[in-house]
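The following pair of complexes shares a single chain, chain A, combined with chain B in the former and chain C in the latter.
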Partner chain A sequence: MDTQSLTLALGDATHAGRTFDVMPVAGDEPVLQVVVSGAEETPVYVTVTDTQILCLAYLFDEQELNPERLNELHENMLRLSVPMPLSALGRTGDHYVVYGALSPTSGTTEIMQELVTLAENAIDLLQTFEDYLA
Partner chain B sequence: MAKKPDWSKEEQAVQAVQLAFDLSNDIQRAFRVSAALQDMTTADMVRKVLQLPYRKNRARPRLTITLRDEDFEVLAKKYGLDPNDRAAIRQRVAGELQAFARHYLTESDQ
Partner chain C sequence: MRTVLKKILTAMRGGVNELGEAVVDGQGNRILEQELRDAEQELKQAKQELAALMAESASLARQIRVEQDSASKREQDASKALAAGQEDLAREVAERIVGHERRAGELTQTRELLQQRISGLKERVQRAEKQLADYRRELQVVKTNERVLRTTAQIDTNINSNQSSLSTAKETLERIRDRQAREEDRQNASATLEKELTGADLDEKLKAAGIDSEQDAVNDVLARLKGNQAQ
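Up next is the complex of A and B:
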């Protein structure tokens, strides 16, 4: 699966009543921004490498957080990351993210399942961690 | 860790996502700001850039918010009014918003 065939496959697809709005983002490496219907506030970014299909949604930046409660937040993130379906929590630069990785041989159904779950998880996490925002 | 695994390709992919995220945020902001400056909706601004038909002027410039029951409670407390006297609360809200706009316009003239 590459980003081009993924763009075509998602454009007309429906999964669990959701549709996908795919926008390729210009750059050296192809990245797709996928908006899942019903979860428009948390777009999912998708890249494909030889080893994995990485799907990632942005939650918040470190500057947005209450510094005094940072340790408590990290602890809760580590704990929640394990039971959370199909996704894990992490960080890139100053951004806290939720992500899921799939095998590059995954089919469209698995990818759609991942995208829907990830976008929903991102919304749930934003609500869960609301108290930690500054 | 004795030997760091070579995940440089994956690292590059993460960086690419980061760039894409920053770019799409910047693009969205540019559209919101330019739309506001030209007194247009963001959707019309997108249509203008794409040279699709769009409304030149807003049909009716609106500044409305939907106040919920709990908002009326908060505002009544703030203004020292009865929460059921919604007309009076709305009037105070309009006054406060006008005062903000006047202040903002004076400030940005300077």
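Up next is the complex of A and C:
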């Protein structure tokens, strides 16, 4: 599965009543921005490597957080990362992200399931951690 | 693997990972890729060697069997010659038997040495395979890390140029709340519409005004029954 075939596959597809709005992100890397209907606020970014399909959604940046409660937030993020369905919490650069990785042999159904779950998880996490914003 | 992970963490804490700057530099990556290719090459060679040695060992086993078969066959001949009183002939056959047995012994020794080399080589193949898996895992970590950094950098610059900036968490939360409120409104509206269509809303209003057609009907029936009794 590469980003091109994924774009084609997601274009007309529906999964659990959701549709997908796919847009390539310009640049050297093949990156897709996928907006899941009903969870439009948290777009999911998808990139495909030799070994995995990586999907991630941004939660917040470090500068947006209350510095005094950072440790508490990290602790809670670690705790929630385990039970969170299909997704894990992480950080890249200044961005706190929720992400999921799939095998490159995954089918469209698995990928759609991942995208929907990730977008919904991102919304739930944002609302859960709202108190930690500065 | 530990070294690679530590390198990545050190680089990240040092803030090297700004906008797509590779954490483990390209040079390190190339070294890792070279090591991977070397390990692959060694594995390939070791496997070829192993296959050749195993074929040789099988061929030796076959030759040993041939010598042993010949020896036992000649032993029967020698017994027959002895039984027939042909002592000289029996001696000649016995010399042949010695030859077969000696060759079988030599071949067996060669094959034992070969078996030792084979088991040594099998160990080497296993080590190389494990090493290869380690390198692949390391390379995967390094490459994924780079990909994530480049990808997020690309998203940031691209979304930055399209919109004023990536929306902040607060703005996103605001939009989520707006949508959730709209969805709730829509649900309420459709519930209202449903009531209107079925007339349930009017029934509710009438009931609230003390007008209950169901109750009236019951009262009517009761009144009729009472009237019947009175007659």
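Convention: the second predicted complex is superposed on the first by the 134 of 134 C-alpha atoms of A that agree within 3 Å, B and C clash if a C-alpha of one lies under 4 Å from a C-alpha of the other, contacts with A are read in each partner's own complex, and residues count from 1 in each chain.
Quick note on the criterion: contacts are C-beta pairs under 8 Å (C-beta built on N, C-alpha and C of every residue); 3 or more make two chains touch, one makes a residue touch a chain.
On a predicted model such as this, the values are computed, not experimentally measured, just so you know.
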After lining both complexes up on chain A, report clash or fit for chain B versus chain C. clash
Touching A:Glu64 in the superposition: chain B (first), chain C (second), both, neither? second
Counting only touches as set out at the top, which of chain B and chain C does A:Asp28 meet: first, second, both, neither? both
Chain A residues touched - chain C or chain B, whichever exceeds: C
Which superposed partner A:Tyr45 touches (first chain B, second chain C, both, neither): both
After superposition on the shared chain, which partner residues are touched by A:Glu130: those of chain B (first), chain C (second), both, or neither? second
In the combined picture, which part of chain C sits where chain B already is, 2-10, 128-136 or 218-226? 2-10
Intersection of chain A residues contacting chain B with those contacting chain C? 25-29, 31, 33, 45, 47, 49-52, 54, 56, 58, 92-93, 95
Contacting residues of chain A [partner chain B, same complex]: 23, 25-31, 33, 43, 45, 47-52, 54, 56, 58, 92-93, 95
Chain C - residues contacting chain A, complex: 17-18, 140, 143-144, 147-155, 157-159, 166, 168-170, 172-173, 175-176, 179
The answer for chain A against chain C in the complex is residues 25-29, 31, 33, 40-42, 45, 47, 49-52, 54, 56, 58-61, 64, 92-93, 95, 123, 126-127, 130, 133
Mind pulling up the chain B residues that touch chain A in the complex? 9-10, 12-21, 23-24
